[in-house]
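One chain, chain A, links the two complexes that follow: it is found with chain B in the first and with chain C in the second.
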Partner chain A sequence: MSAVAAKPQAGGAMNPTAMGVGVVMLLILLGICWYISPVAGLSVLIGVIIGGVLIGFGTHFVPVGGAPAAMGQAPGIATGVAMLAAGAGLAGLFGGAWAAEQGVVVAVITGGVGGGLMMAITCMMVNFVYVFGMGIPSASGKVAKDPITGDTQAEYKSQGTEGHGLPFVSFVGGVIGGILGGAGGTLIYVELLGLYEQALPGVMNVTAAQVMPIAVSAAGMFAVGLFLVNAVLTAYNITGTIEGPHDPKFKRWPRSIVASAVASALCGLVAVLLVVPLPI
Partner chain B sequence: MEHIVFGIGITALTGALATVAGAAEDTESNIGSQGDPNSQVQLAPQMGFLHRIFNKAVAGEPPAYGLWCALGAGLAWAFMAMQTNPVLAIVLGCVLATFVQGVYATTAYVGRTASLAKFGQPVYVDILKSMTTVTMAHAFIAIFCTVTLCHLINAALGHPFPLPLLGLIWGIALGAAGSATGNPYYGKERQYQNQKFGAGVPISASGNIVRYAEAGERNSIDNGWFTAKIGGSASGICFGLIVFLELWRTIVFEAINPWYAIIVGVLMILIFTVVDRYIEVWARKNYGPYTVAKEADA
Partner chain C sequence: MSVKVEVIEGGVPHNKILIAGVISTLVCIYLTYLNVLTGTEMFSFFGGIAVVAALIWGSHTIKVLCSYGIGTGVPSAGMIAFGSGVIAMMLATKFGILAPIVALVLAAIIGFILGYVSNNILNMKIPAMVQALTEMAVVGALSLMGFAALITGGFTFAGLTTGSISVMGMTLLTHQNSFLGGCLIAVAFLLGAIAIQHPFNATLGPGWKQDRMLMLTAECGFLSMIVAAIMSFALISAGSAIISLIVAIIGWAYTYQQYMVLSKRDAAAWLDSKPIPDVEGH
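Presenting the complex of A and B:
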């Protein structure tokens, strides 16, 4: 392959300068947090960043076909990237928040399984409607063979389309995306909840029991907000549609990871500053 | 033990409410062309195909339902804080949220259709009057069922999130499940009923949506009637399964050991994976390829 042919597509090109600037911004935000709250605040912020990165990375796995998928013109689920990832991740957050009292590990895994279960049901029902409602078998437009099952794809594409339905690799990608999203959202929630439970009674001069509803609500709202921030950022990186982990667009994930880390750090810093007074 | 039996009963009720919510949501969005197929309704006049299809899409289903359910849940929560009976509070909250949906649908239809004036597409006032109320009725059912299940999760099952936040989360999940499952059936099977059954719509046919019914021009109530049969019920089953199984595994197994709930969740994912694979292989065997493999390789 020649050097010209090997050049990545314009939309997928990595910009080292921009990524370097992103990393510097991330370090600056971490430094600010370390200056304000070197122990509690910084550990929470790192948890929030890891959660945000998990959401951003997980969104790349979710097979989304947008409007063409709704006409059976392209494979994937017929809705938007950010919307589907948010739906799955928030269903996971719901379960994870319920298990928050059991500790970080159990809560995060519960959240991940909740997100994965939502995606497994949704992807199965999508194929159900395609096959039994519309009589259309699944076919990928991006690969000749399914990387997991080895099924050939090209002859199952109907004329004039790029494929349709959810091939098995896309189903697996959707479940992985739901797991990562649910786990990331729950991690953000659990970290912020722990900080708010500790700090809010002192800030508001009330008892720990009185502050619980406020702590849960604030941590929940920040978790939902951070979820949408990271899912939408990733949707811009994907530019519309993606079939799953076998899609060439999946290789763009490093760019999204840096962007998600910076955005999560900024939002997380605001969440920490709510309860940690400035040292002035 | 009594606590678990009570929890299972509430879980069954929330599953049933979620099923109705999913079916109503998909039918509402199809009457309003709110899902991804709205692109074809918007494209058709630009290709010279003027129509009488309602189009109120200015946001995707998940954020729109997130807004309406959060609004309904927030208002219901406020009424309950004022010591109103929860049933009345939920009904009042959902009625007010439905009015917001009606304003949204009206401005969206007028705005979207007016932008097509240069292609000769009229804004039909009779469509606005007849379709908006039908979408509002369906939206009320979807919002009421979702807010009620959120209230049950919060008040009866003891989830820590406040009602408005639960409304936002399950509203977005409702829109995601409904649009994922129901959109292809409306987009391919109804809008392109003039294309071959059992194949995707060729890209060259984009915009040529079916505009005529058995008598006169097709309108969006016809589309709601058609898609309610499979798209709506499949969306309802999808959202019902999500809510029911998520709550069931938590209520029954987390009380015994949190890891049991996780293991059961993983087993469910594996079962759905096997079912999905079975459906995929069944379709390949029974429908067969469109072209012979040799041609495809070439």
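Presenting the complex of A and C:
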């Protein structure tokens, strides 16, 4: 294989041994958390893991086109996986953060709506640019018929391309991905905020009102950090472009679930440790 | 399965940059502890030097990793570096004087596990993956700690959350006016994340030269340091902030000028043109 033809070939194969090691690592991390903080810490960590898994799973729905999409040679939004996941998740996180005081359910749903809205607007404007700006129709290269509308694709697909524009199924996938990512990011933020509001005053010897800026900022930064880690790991899983839920690469999601769970457990454990009194 | 697209030809070997990066970053962060020993804040600028040193090391690590086609773009590497680094750094600040060492160890553990996850569970199978992600988490954590030291004059949890430790009797009232409480850490996060991913993204290709990329990294680092030094006016005394600002501006001007020299050296030809040409008769 020449260097020019070299493409990232992570391949769709699962690695059962590594998946097993991942599950064991997850259990060990949960055990450590149970040992140091049995009640408050463990429930927060489980919330963080669920949030991280939602981000990792949701990102697979988002139609990511990368550089080929910018030239109209592949379907999807013309940027990378990490940027789109971070965009959708952070939009949802900011949407859900102001509702944090109204309980977990309201905040998470608000975050999901924020992320979904961001992706819906992005997908629509991207299609406007594709159709009216670049003059190309939307056609998928991976399937013969759109799984939702049943429209045939081959007639609209240009020769030598992998499809172009955003077919309906990709649009729907983008919105679903935005909802899941936004909800996951908000869940991480709300869980950590609750823990810090409760535990930081004792750790820092200050009142609850004084600790608010620290709690909000620390929970927000941990949420952003966790979000970026999960988004990039999912990007590594997808390697390049994906059209949406009908793409063959979508079948790789089990790997991403395990990877996101381990990464979220690890980073979430560190976030919980922030409020645990240290021996020194 | 991936094939290495580019090879490092000549230049300083990566391990040498790694060792020099770790040592100089740690030494510079610890030099800011002179603030505590001497009771002033004028040694804060060493934090900015630490950032530049860490970024130079980190951008070369990104070069090593992204020479394999990872298919996700170079910026994602900068994002995961700081995403995992900020988590390690925030916990490490609780360890007082040991904070930089703890940040290094903790970030290395996080980066190692993330590297294992992406290489084995996600089946990336890239030889440099585990080491590169380990290094980048450390770079992210130490750069953020350098920014913290530059902006607040210290790197301990109390210093980052109470901000104006130099104002007597005001410590309890100024949680909002601090590195963490005012969320200046978010700005520092992106200042570092952009500075670490830009150089390789900008210089990659067949004409890649190591010294040109590293000079661009230093330039980006000093540019970030200028912004961080301006932010430090809010939290440390004006005289100390001015020292940081002057160091940053001098460093930026020198590295920018050097980068232009190196760019002209590597270019096939160049034409010095005015930004807006004078058009006669209009």
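Keep in mind that, in the parts below, the second predicted complex is superposed on the first by the 267 of 280 C-alpha atoms of A that agree within 3 Å, B and C clash if a C-alpha of one lies under 4 Å from a C-alpha of the other, contacts with A are read in each partner's own complex, and residues count from 1 in each chain.
Here is the rule we use: a contact is a pair of C-beta atoms (placed from the backbone, for glycine too) under 8 Å apart; a residue touches a chain by one contact, two chains touch by 3 or more.
In this text the structure is predicted, and so the values were computed from the model without any measurement.
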With the two structures overlaid on chain A, would chain B and chain C clash, or do they fit side by side? clash
Once the shared chain is lined up, is A:A13 touching chain B (first), chain C (second), both, or neither of them? second
According to the stated criteria, A:L117 is in contact with first (chain B), second (chain C), both, or neither; which is it? first
In the superposed arrangement, does A:P201 touch chain B (first), chain C (second), both or neither? neither
With both structures placed on chain A, which of the two partners, chain B or chain C, ends up touching more residues of chain A? B
According to the stated criteria, A:S217 is in contact with first (chain B), second (chain C), both, or neither; which is it? both
Please work out whether A:A235 is in contact with chain B alone, chain C alone, both, or neither, and reply first, second, both or neither. second
Can you tell me which of the listed chain B stretches (6-14, 24-32, 42-50 or 114-122) runs into chain C once everything is aligned on A? 114-122
Do chain B and chain C land on any of the same chain A residues, and which? 66, 80, 83, 86, 213, 216-217, 220-221, 224
Can you list the residues on chain A that touch chain C in the complex? 1, 3, 6-11, 13-15, 17-19, 21-22, 25, 66, 80-83, 86, 204, 206, 210-211, 213-214, 216-218, 220-222, 224-229, 231-233, 235-240, 255-256, 258-259, 262-263, 266-267, 270-271, 273-274, 278, 280
As the complex stands, chain C meets chain A at residues 1-5, 69-73, 75-77, 79-80, 82-88, 90-91, 94-96, 98, 106, 110, 113-114, 116-118, 120-125, 161, 172-173, 175-176, 178, 180-183, 185-186, 189
For a test of understanding, state which residues of chain A touch chain B in their complex under the given definition. 66-73, 77-80, 83-84, 86-88, 90-91, 93-95, 97-100, 102, 106, 109-110, 113-114, 116-118, 120-138, 149, 151-152, 154-168, 171-172, 175, 213, 216-217, 220-221, 224
Of chain B, residues touching chain A in the complex: 35-37, 39-40, 60-63, 159-162, 165-166, 168-170, 172-173, 175-177, 179-189, 191-192, 197-206, 230-231, 234-235, 237-238, 241-242, 245-246, 250, 254, 258-259, 261-262, 265-266, 268-269, 272-273, 275-277, 279-280, 282-284, 287, 289-293, 295-297
